[in-house]
Amino acid sequence: ALAASKGTIYYMVPTLLDEFQTGSVTAITKFMGDVGYDVKALNADNKTDVQQGQMNDVIALKPSAIILAAVDFDALKPQVEAARAAGIPVMIFDRQITATKSDLTSVAGTVEIGYVAADQIQRLLKEKNGAVKGKVLQVLGDPGDPYTLDIQKGFEEKMKAFPDVTIISKPAMQWEASNAGSIVADQILANPDIDLVFVHAAHLAVAAVASLEAAGKKPGDVLLVSSNGAPVGLDLIRKGWEQVEVEQPLFAQAAALAMFADKVVNKQELKPGRYDVLGLEGTLTNEAWGPNIKLPGAAITKDNVDDPKFWGNMKTPETPVKSVE
Amino acid sequence: MVSPRRRAAIELVLDNLVWFILAVVLAIFSIAVPNYFQIGIFANIVEQSTFVATLSIGLSLLIIAGYMDLSIESVMALAAMVVGILFAKSGVGIGLTLDPEWLIVPASLVIALAVGALVGASNAFFVVRLRMNAFIVTLAAYIWGRGLVVALSGGRSAQELPPALRFLAIERFLSFPLIAWVSIVATLAFAFILNKTPFGRHLLLIGGNAQAAYRAGINVDRLTAITFVIAGAMAGLAGWLLAIRTSGATANLGVGMLFQAFAAVVIGGVSLKGGVGSLTGVYAGVLLLASIQTAINLMGLPAHFTQLIQGGMVLVAVLLDTVKLSIRKKLI
Amino acid sequence: MVSPRRRAAIELVLDNLVWFILAVVLAIFSIAVPNYFQIGIFANIVEQSTFVATLSIGLSLLIIAGYMDLSIESVMALAAMVVGILFAKSGVGIGLTLDPEWLIVPASLVIALAVGALVGASNAFFVVRLRMNAFIVTLAAYIWGRGLVVALSGGRSAQELPPALRFLAIERFLSFPLIAWVSIVATLAFAFILNKTPFGRHLLLIGGNAQAAYRAGINVDRLTAITFVIAGAMAGLAGWLLAIRTSGATANLGVGMLFQAFAAVVIGGVSLKGGVGSLTGVYAGVLLLASIQTAINLMGLPAHFTQLIQGGMVLVAVLLDTVKLSIRKKLI
Amino acid sequence: MSTEPLLVLDGITKNFGAIEALKGVSFSMRGGEVVALLGDNGAGKSTLVKIISGGLERSGGRMVYDGREISFSSPAEAKAAGIETVYQDLSLCTNVDVVANFFMGREIVKRFLGIPVLQERAMEAVTAKAIADAGTRIPSLRTNVEHLSGGQRQAIELNRFVHWGGKLVLLDEPFAALGVEQTRRGLDMIKKVAAQGIGVIIITHIMTQAFQVADRMVVIRQGQVAGDVRTAETSADEVVRMITGEAAKAVPGTREDARTTGVA
Amino acid sequence: MSTEPLLVLDGITKNFGAIEALKGVSFSMRGGEVVALLGDNGAGKSTLVKIISGGLERSGGRMVYDGREISFSSPAEAKAAGIETVYQDLSLCTNVDVVANFFMGREIVKRFLGIPVLQERAMEAVTAKAIADAGTRIPSLRTNVEHLSGGQRQAIELNRFVHWGGKLVLLDEPFAALGVEQTRRGLDMIKKVAAQGIGVIIITHIMTQAFQVADRMVVIRQGQVAGDVRTAETSADEVVRMITGEAAKAVPGTREDARTTGVA
């Protein structure tokens, strides 16, 4: 896009073992490129201490800014403070840090994903059983990962109102797909009346579907809901195995950072208000932890699955993002 | 003092103690855990054991020969991902098709085995030719192998293997899916090789005293290299089976199976010092671990406690095994 | 044939080869990687080495004595989480305060050491008293230890340790933070113990031939048990340091450090067969791994390839180490 | 030679699973006495020595040492009671040097601030003298034992016992790998040790060695005492016949005699 | 005894780092000849044997075997060329049973569908016979070797070589742990083997054994040949003097002679 780069921005990605994170590297690199910044990504492999070390190293490099998707939310607080003390602006991506000030936060909200999922699951149960009742198998990610715990929190909070819904929660250790497959295989035998399976990431849905298929189920026999909107999830919707994918607006989240990058790098003030981010409406507010732009997640169903705005369709928007003036 | 006949009986039990422990544990779970006692659950246990059991074959052979291989987990994932990328229809899969369709079974199998054997050969090169420490060489391969999975897939998943492959995970023979039978047959075949052929005998000798074996004219280097290749190929086979069961592959597929394989190998009676072990015992060890995992899946435990309980159960399982020693001492 | 003086010089280099490799690697990175050559980066390397270095102390001692301990990583996380829960102010922390404030330093340190020593003692009980295999006992502890962290914290993190503790991570002496000095001093202290005291000598003897040591009247069981407790306590210390650096603890804190510790121990020249090794070499191994990791951080490689490259670099580092053997054979 | 028995074995038995390695061995000896323990391969000599030295638990029988009935549960206890042992399968740590092996478990230390610190020079000097006295040449005391020849290894093990005195010395084929000169010096040393009132049990297959050094010969055959004779009153041929069993009937009552001595 | 030399060693040297274990050893021998290799502890006897048997690489010198100049890079090659070795530090796998050790590397197999399958019974029968012939009693051939006595172990190692024939046999202190009767049978066996035209090199520290069996004696002293004499033309005293070095001057030119024989 631009002849001369305005500088380098480091993106601290928590892991590359799930498709959302992989996609985020591509999207952030693209959008930041649109507004004139080079992006280098560092993968922390889901290790908080590794990410802390990476932050320390990057601070020594004095980049234009750091984008942080923390492995463990607030645990990165000391490094965020160190970076800002060194004059390097820090933008928070996807995983909100509220314990300390940062220069811009762009999130859909992990608890909110749980809310959206709960709404959709209530609808699906009602369609199937006539009322919001039945049995739901919730396959969590790793029980030591707050990301999955937040989704669980949001989901269960909203489901409290429906005592007729039994929720069985089992963790897929280390987010490993075949663990999820085994849980589904075992539970479908122990509880043949399971109506719906809710997995916390689309790559877990792959193994869950394989287990359902091996158990002789046909698409739709057991409902399936997943979160994060990865490409495999959308494929499963097209094939009828999955009913709903709760999408995290990856593109918009990334684009929002790019739109304000110049202002953040130049330490200018961000004006609260509503902004159009790739067609989604983002709300920028000033919170205790600094400017915060929130982008609403969406439910993907068979009806809208082909919409190119979903990152899972992997059509990174062609039109360049423009800096907010 | 015990009569010879009773002693023989006790010896038989002790020699196959893992199997007896397995039976006891299954009985306890069947009584204590609701829904545990049903053929479907037992079939699930056998099915879930498939991958670790297949991994454990090569690992056991290497440990018996006095080496080890930490790379097998990553090699399995790599083979699964290669199969996934080539033959799966969605995600990162490019969905190759063959004519006739069934050709995909041997083709994908050969590819998976080749991927595994290749990494095994690389490990062998460093360990046997360059005399590097097997632990560190295979640790490096564990890291770069998983790295290669991520690099190849870009962190994404491959999904939907064609039915010509998938039937191996769906069709059942005596209520176990075909993939489980593959691992059972492989275990039996290698158990035969270990116990009844010169190759197996030489592995035991090398594990017991490599210098003595070398002096006796056994080609220690060649045998060691072959065993690394076998371990790699078996990991490739495990990957092939895992891909078929998952109907594709994800970037973190099989994470944590290395530790399970090690635990199974030790529970199964293979000495980490080398020179001692049997593959049927190892298979029982795998089943034991899978039984525990299944019980945890079925018990209404809060998610946060599963790992705690898993660790405790492994300890108890091995504790039972050590009872063996004291019985042997006292009764014989 | 080489002159005795030149041979002595070569021996010196070879005996400390890890340090020379480290120097070479640092020099190469300094030239090749932009921004690598600055005191801040070297300080980062030392700081990042703190935890693995501390873990490696106990691991090395146990390996030298012919055992191993897989639980250290989880023990470290457990100690960190206990400290985090007790003293951190937000998250799952309950924010205990002491009067005077500085008392928190010894209090939290003693708690962390005690947590570690306790797990170490439990490992020792199973291994020494019940004669269970150390690998499997500590593997179980690795699983239940991490499980306990998850259970205690509910998977959440504790944040914000009070400044009275945090200053150890912030204040610097000779440009290294104080926590790094703690691990350096601990390494030197145990290096002294290993090389110059009967305790260390007996560990080497046990690792070389436990039966001979036993016959010579050395209390092998007692020494082994003590070493397990030391390994646990050192893991506790590592957890304390890690909590201070993190300013709290997360449920997955330190995942993967076990492998790093093993790699460092092997690169540092400790034989996994027991009976051979020095702690200063191990510290160099830790620094070497951290240097590689830092170089990868600074090189700006595509993130998908980092793991691949990391694995390759570990291999190369050890490859250099094996050059030692052939040099020794040829030149001396 | 004192009159009180130093060691009394009474009906010692040992089973390894189905195998009865010792079927009731009884004999006794005094301090300053050198007893040659003879017998065919697999007769049970080493097993007996390991039982006396605390390395193996006996299955049955009584053992009286230095006037008290005892039962050592570890070599450390036997050592503490003054029993030194040279094992047939050498007990050396090949991963450390000659000095470390020589002082295994009894290192010379100096305390600094209460911390015991190894005194390498002092230990090296002692080792050098002992090895030289034994007539053995070792290239460097700082080489790891894995690089030494079979005889050099045995010399280390054989000579370290002299240094620690004790009351009873058990030597299980201590000269098997030693050269002519080293063996000669070893035999002399045994005589010197016995002259100090220390009891010595030596196992050997070479009759000339046994006849040169022993006051008495105890022959074990298939786990039982097949002969217990004074050296002066027997001949090599007779002893060999006892060992191989051809003369089993020629020494009736030997076991009885031994037991009587034991109880006395 | 053939006239062609079976083995010619010419100036063999071996360094271990700074240590010169062999400083140029030369001698030769014929098939059917029994050569006793004598020398003090650490003289270099075992090192020489390992060089001949392919277990160690020589630092210098030439070796001619069976008419061809050779350089074995592994024991397997030496074995293939007909050289059998019994090592001083036993080469047994204690984790397997007697039969497995006896047949180590040369198991009896039967092929089914091309797959070689171990014939345990056949191997057991052969082992039983060999062990019985050697006069050794072993409780069960199916016990792991770790449970055997020192002499029983040595018997396995010593007797398995007979089974494989070959052209040259190297025995490094093969009787060190054997009983009286077992040693006698071992010596007989060596004579029988030599009578078949096989060359034998035997290392021992016991003069009587050397004199009973050897045609010639080669004495190594500090890595050099210090004497090379026909048994008939020497005495035990003279040989001991060569070993300890007191008679070093009494056998001038021995090395020269050996070399001449070697080249012939």
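We call the chains A, B, C, D and E, going by the order they appear; numbering starts again at 1 in every chain.
By definition in this document, a residue touches a chain if its C-beta (ideal position, glycine included) is under 8 Å from a C-beta of that chain, and two chains touch if they have at least 3 such contacts.
All figures in this text were calculated on a predicted structure; none of them were measured in a lab.
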Lowest number of touching-chain links that must be crossed from chain A to chain E: 2
Centroid-based (C-alpha) most distant chain relative to chain E: A
Chain whose average C-alpha position is farthest from chain D's own: A
Chain pair with the higher count of C-beta pairs in contact (A-C, B-E): A-C
Centre distance in Å when chain B and chain D are each reduced to the mean of their C-alpha atoms: 49
Length of the line joining the C-alpha centres of chain A and chain B, rounded to whole Å: 34
For chain D, residues that touch 2 or more chains besides their own: none
Chain A residues counted as touching two or more neighbouring chains: 16, 22, 143
Where chain B touches two or more other chains at once, by residue number: 150, 154-155, 304, 306-307
Interfacial residue positions of chain E with respect to chain B in the complex: 53, 55, 74-76, 79-80, 85, 87, 90-96, 100, 104-107, 109, 115-118
Chain D-touching residues of chain C, taken from the complex the two chains share: 196-198, 201-202, 204-205, 207-209, 211-219, 274-276
Residues of chain E touching chain D in the complex: 16, 19, 39-42, 46, 88-89, 136-139, 147-152, 155, 173, 176-183, 205-208, 240, 243-244
List of chain C residues in touch with chain A within their complex: 35, 38, 40-41, 44, 47-48, 51, 90-91, 146, 149-150, 154-157, 159-160, 166, 169, 242, 245-257, 293-294, 297-298, 300, 302-304, 306-307
Sites on chain A touched by chain B in the complex: 16-19, 21-22, 140, 143, 168-171, 173-179, 181-183, 185-187, 189-191, 202-203, 206-207, 209-210, 213-214, 230-232, 235-236, 239
